[in-house]
Amino acid sequence: MGLKSYFHLKQVGHNFRQNWPTQLMSLLTVTLSVLIFSFFLLIYLNVVNIGARLGDELRLVVYLDNEVEPALQPLISSKISTYAKADKILFVSRAEAFIRLQKQLEKEKDLLTDLGPEFLPPSIEVYPEKSFRNFTRLKEFSDFLATLPGAQKVQYGQEWLERFGYFTELLRVIVVLSGALLVLATGFMVSCTIRLTVVAKESELEILRLVGASNRYIQAPLFFEGILQGVLGSSLGLTLLYAIFIWTRTHLGGSTFLNQLEYTFLPFSVTAMIIGGTTLLCAWGSLLSIRKHMRI
Amino acid sequence: MLKLFPDDRPLVDIVKATKVYPPDIVAVQNISLAVAKGELLFLTGMSGAGKTTLLKLICAIEQPTKGVIEVGGRDLAKTGSAEIQQLRQEIGVVYQDFKLLPKLNAAQNIAMPMEVAYRDQREINSRVDELLAILKMTHKREIQTGKLSRGEQQRVAIARAAANSPALLLADEPTGNLDQDSANLVMDLFEQLNREGTTLIIASHDESLYRNSDYRRVQLEHGLFTNHSSPRQLPLINQ
Amino acid sequence: MGLKSYFHLKQVGHNFRQNWPTQLMSLLTVTLSVLIFSFFLLIYLNVVNIGARLGDELRLVVYLDNEVEPALQPLISSKISTYAKADKILFVSRAEAFIRLQKQLEKEKDLLTDLGPEFLPPSIEVYPEKSFRNFTRLKEFSDFLATLPGAQKVQYGQEWLERFGYFTELLRVIVVLSGALLVLATGFMVSCTIRLTVVAKESELEILRLVGASNRYIQAPLFFEGILQGVLGSSLGLTLLYAIFIWTRTHLGGSTFLNQLEYTFLPFSVTAMIIGGTTLLCAWGSLLSIRKHMRI
Amino acid sequence: MLKLFPDDRPLVDIVKATKVYPPDIVAVQNISLAVAKGELLFLTGMSGAGKTTLLKLICAIEQPTKGVIEVGGRDLAKTGSAEIQQLRQEIGVVYQDFKLLPKLNAAQNIAMPMEVAYRDQREINSRVDELLAILKMTHKREIQTGKLSRGEQQRVAIARAAANSPALLLADEPTGNLDQDSANLVMDLFEQLNREGTTLIIASHDESLYRNSDYRRVQLEHGLFTNHSSPRQLPLINQ
């Protein structure tokens, strides 16, 4: 066994010296594929993350003619809840609204001196459930809320939301399309590289079979090679991604809104899974690529 | 060395073998041939007669369309892939087109069958040196075989086939690119191997190889043995 | 010449029958590369376009203590202009502001019945030049405007702008990074394909040289092949892009904001340039790939 | 056919040519040889003597380290790439390793030099058929050369070299994989070409080719001509 391992490792070294351009090409393929894959995974995770955070601020405000008497509040709450579950329903009286406005204006508080609370309409604030934070469903919900007795107008930051929705949607489409293109390109690259490797090895494999090499003699070095390439390639790819991530964070650091959002890198478990998965795939692929040469 | 093969029956036993290449090229037709252990057999015949095909059937590179091929008592059609590989380590073949790896040097090419059998490195080196010396190729030891002359390549191919001191050696036109002197060296090597117990089947057009010897000789003609061949009559051999 | 062309075309057909997997692979490479390239070009052009449109709405509003007398207006205008060129500077009096508010509220006009114009502050609206529509420069400009005599507060939709800026910046970074990755992948694919093609042709080229084929005999069919692949591949790539474009527009068509923006496809001139450029590159590349085989 | 070459001087004129392969392998050493137009010359010598190298120098596959090679009065070292290609259309070469395209069939391989010279398609077909008939290979016309036996491949290679009825034909071990009968067919073809004006240089170990003829013969030994060779003494030839 020790002797055999020695033979196999010798083969790996020998193969590398013989075919290093092809080997380097496969390594590059792995690196690039992992980089591309994890890049889009990272973007996707962060978009989801940001979407979730921004969604937390979402509420629908129903402006009313008159204040809702405290006794009626549970009734209206349950009526709203029958249409769609809400995380929170808040009844804001004229007085509360006035206090809020005062807080908001702070410095320019004197602007309000002439006005009393009766100038502001009372309202109901509805914080819809996560599952409901979808543009079209919000619109429908808003239409429903407008039918509540005494409702004057329903507001939910339509314009901002629409723009935000537009951008996330666009981002999503771009991410998905580029991702699809890249999966194509990566698959293409991988199959190209495998073909090149097989072409480079073909005559050697044929002759090894003819002089009586066992499957194990032929496969062991390829297996080692695949593992080596998987580990090296994926680590390299993830390192590059991390470098890009850090660079991007520094580069976009000027905006306060941005820092507020806190990007996250891929968690350790995902990183480990990528390295492990790539290594397995590479080892499996390098065995699979010569499968047809294993028959007699 | 010969442990894989029993002593009491022909080492190679071909019974009514036919090989048809698609679509309908009959290369070998209903041929029967027995080769005793320790024999040295010449296989002759015109170009295209089916010599190479017959050798390929014996080392399981091609499967017969009909008939049975037994090597060392094993029916090749019923032998698994792993066992075939095992068997091939005991069969040395000089291919007509050499099948060397042009990027490896002469020594590496010759060492291949021994490395595949996980031989000891020192043993490998000394065997390589020995064979190169016998074939007067020592000065080409470190040269890539792609850069050797055709005749030199042929000698490397012969050395590789002989490397494992195989139980059976199949040589397909082993002197086609060699001058008379080199051909004699090769014949000397073959006869030495034969004395050490190797069974040899040599396909050749080169009359000078068998002219002055009394080795058995079978002749193919369009895939059939000609009349004066004696395929199943085993000679008495000193063993 | 007629005879020779016949020979060359025969060669093209022959090559295709001989090596169609490799040839199909090259065609796919061209298609995918063109698709990827034009995809990012399209995104980039549209982002620039949208950015320009949204920029048109941009203005800074300086709220004042008191109205600026008409006589002083040119003075203040020129003071602002010394700091930064503006497309337009508008002085809004209390009365004008009140009329605007009335227009905006329309239905809820009655809310304002109790109020007079004196409730609203007068203001100066500054529409900065295009070159000035940059987030940090706007901030500086705003700080400068705050130092104007009587200025109370400067507003320029900071929050919205910041978010929009954030998204376009993020989009830009994503587009640039994915573009870079894809350029890498494409370059890789192309070099891989060329290597495969060369490997497939190597022995044929060697033998053609040995039997005395002229450069022209060898190059002409390759040149035709390159042109064919360039034209077919780039047309196919652009057709796919157009399909994706149409699909995306329909898919995102629900939003009004979106329809308002009017995406544009690549103009005809750009399309023609892509096809032409690709064809030239392919023809040149297929000659270049066998260059070293042309020496004796 | 011979228009490219003047009549009044040797078709091939090698003057003090030396070829050293890197790093320091001297394959051909200070050799001079003149071959008259219409001659048939045998080149012999042990394996590794430098025969193939000499032929490669004549058809400009290798450049000499020292010395001058003239073919048809042209110094090859001073001939441009386009003209070399032109010249090669007039030189047929049977390579020792054949250099056939295994995926093309026999007819396509033989047609190659004629297609490269933009010959008429009908002319090509009839020449291919003629050559296949001479070499008794007509039944293998449509078979990929990769699927032919070695000897059949060799005959295809010979037919390809003869296809253009070249002014000069270089044959490197053209009968190494052929039986006596096929070898005689090949020799007949060569002699027919020679009668039609082709100059031939045949490198071979096969004594039977020149034993009973009085063609000039030069012998290489370690890159040098041996004493009994007469490299620059041109024979009188019927032309």
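Residue numbering begins at 1 within each chain, and the chains themselves are lettered A, B, C and D in the order written.
Going forward, a residue touches a chain if its C-beta (ideal position, glycine included) is under 8 Å from a C-beta of that chain, and two chains touch if they have at least 3 such contacts.
Please read these numbers as outputs of a predicted model, since none were measured by experiment.
For the pair chain A and chain D, the distance between C-alpha centroids works out to 68 Å.
Distance from the chain B centre to the chain D centre is 31 Å, each centre being the mean of its Cα atoms. Remark: chain A and chain C have CA centroids separated by 24 Å (rounded to whole angstrom). Centres computed as Cα averages put chain A at a distance of 63 Å from chain B. Chain contacts: chain B has no residue touching two or more partner chains.
Shared interface positions of chain A, defined as residues touching 2 or more other chains, are absent. Taken together, the touching pairs link the chains into one ring where each has two partners. Chains touching one another, given as pairs, are A-B, A-C, B-D, C-D.
Contact residues of chain B toward chain D in the complex are 21, 25, 44-48, 52, 96-97, 143, 147, 149-152, 154-155, 173, 176-182, 205, 207.
Of all the residues in chain C, the ones that touch chain D in their complex are 3-4, 7, 18, 203-204, 206-215, 217, 294-296. Chain B contributes residues 59-61, 81-82, 84-91, 93, 95, 99-101, 103, 112-113, 115-118, 120, 160 to its touches with chain A in the complex. Here chain C touches chain A in the complex through residues 25, 28-29, 32, 35-36, 39-40, 43, 108, 111, 114, 119, 135-136, 152-153, 160, 162-167, 169-171, 173-175, 177-178, 181-182, 184-186, 188-189, 192-193, 195-196, 199, 244, 248, 251-252, 254-258, going by the rule given at the top.
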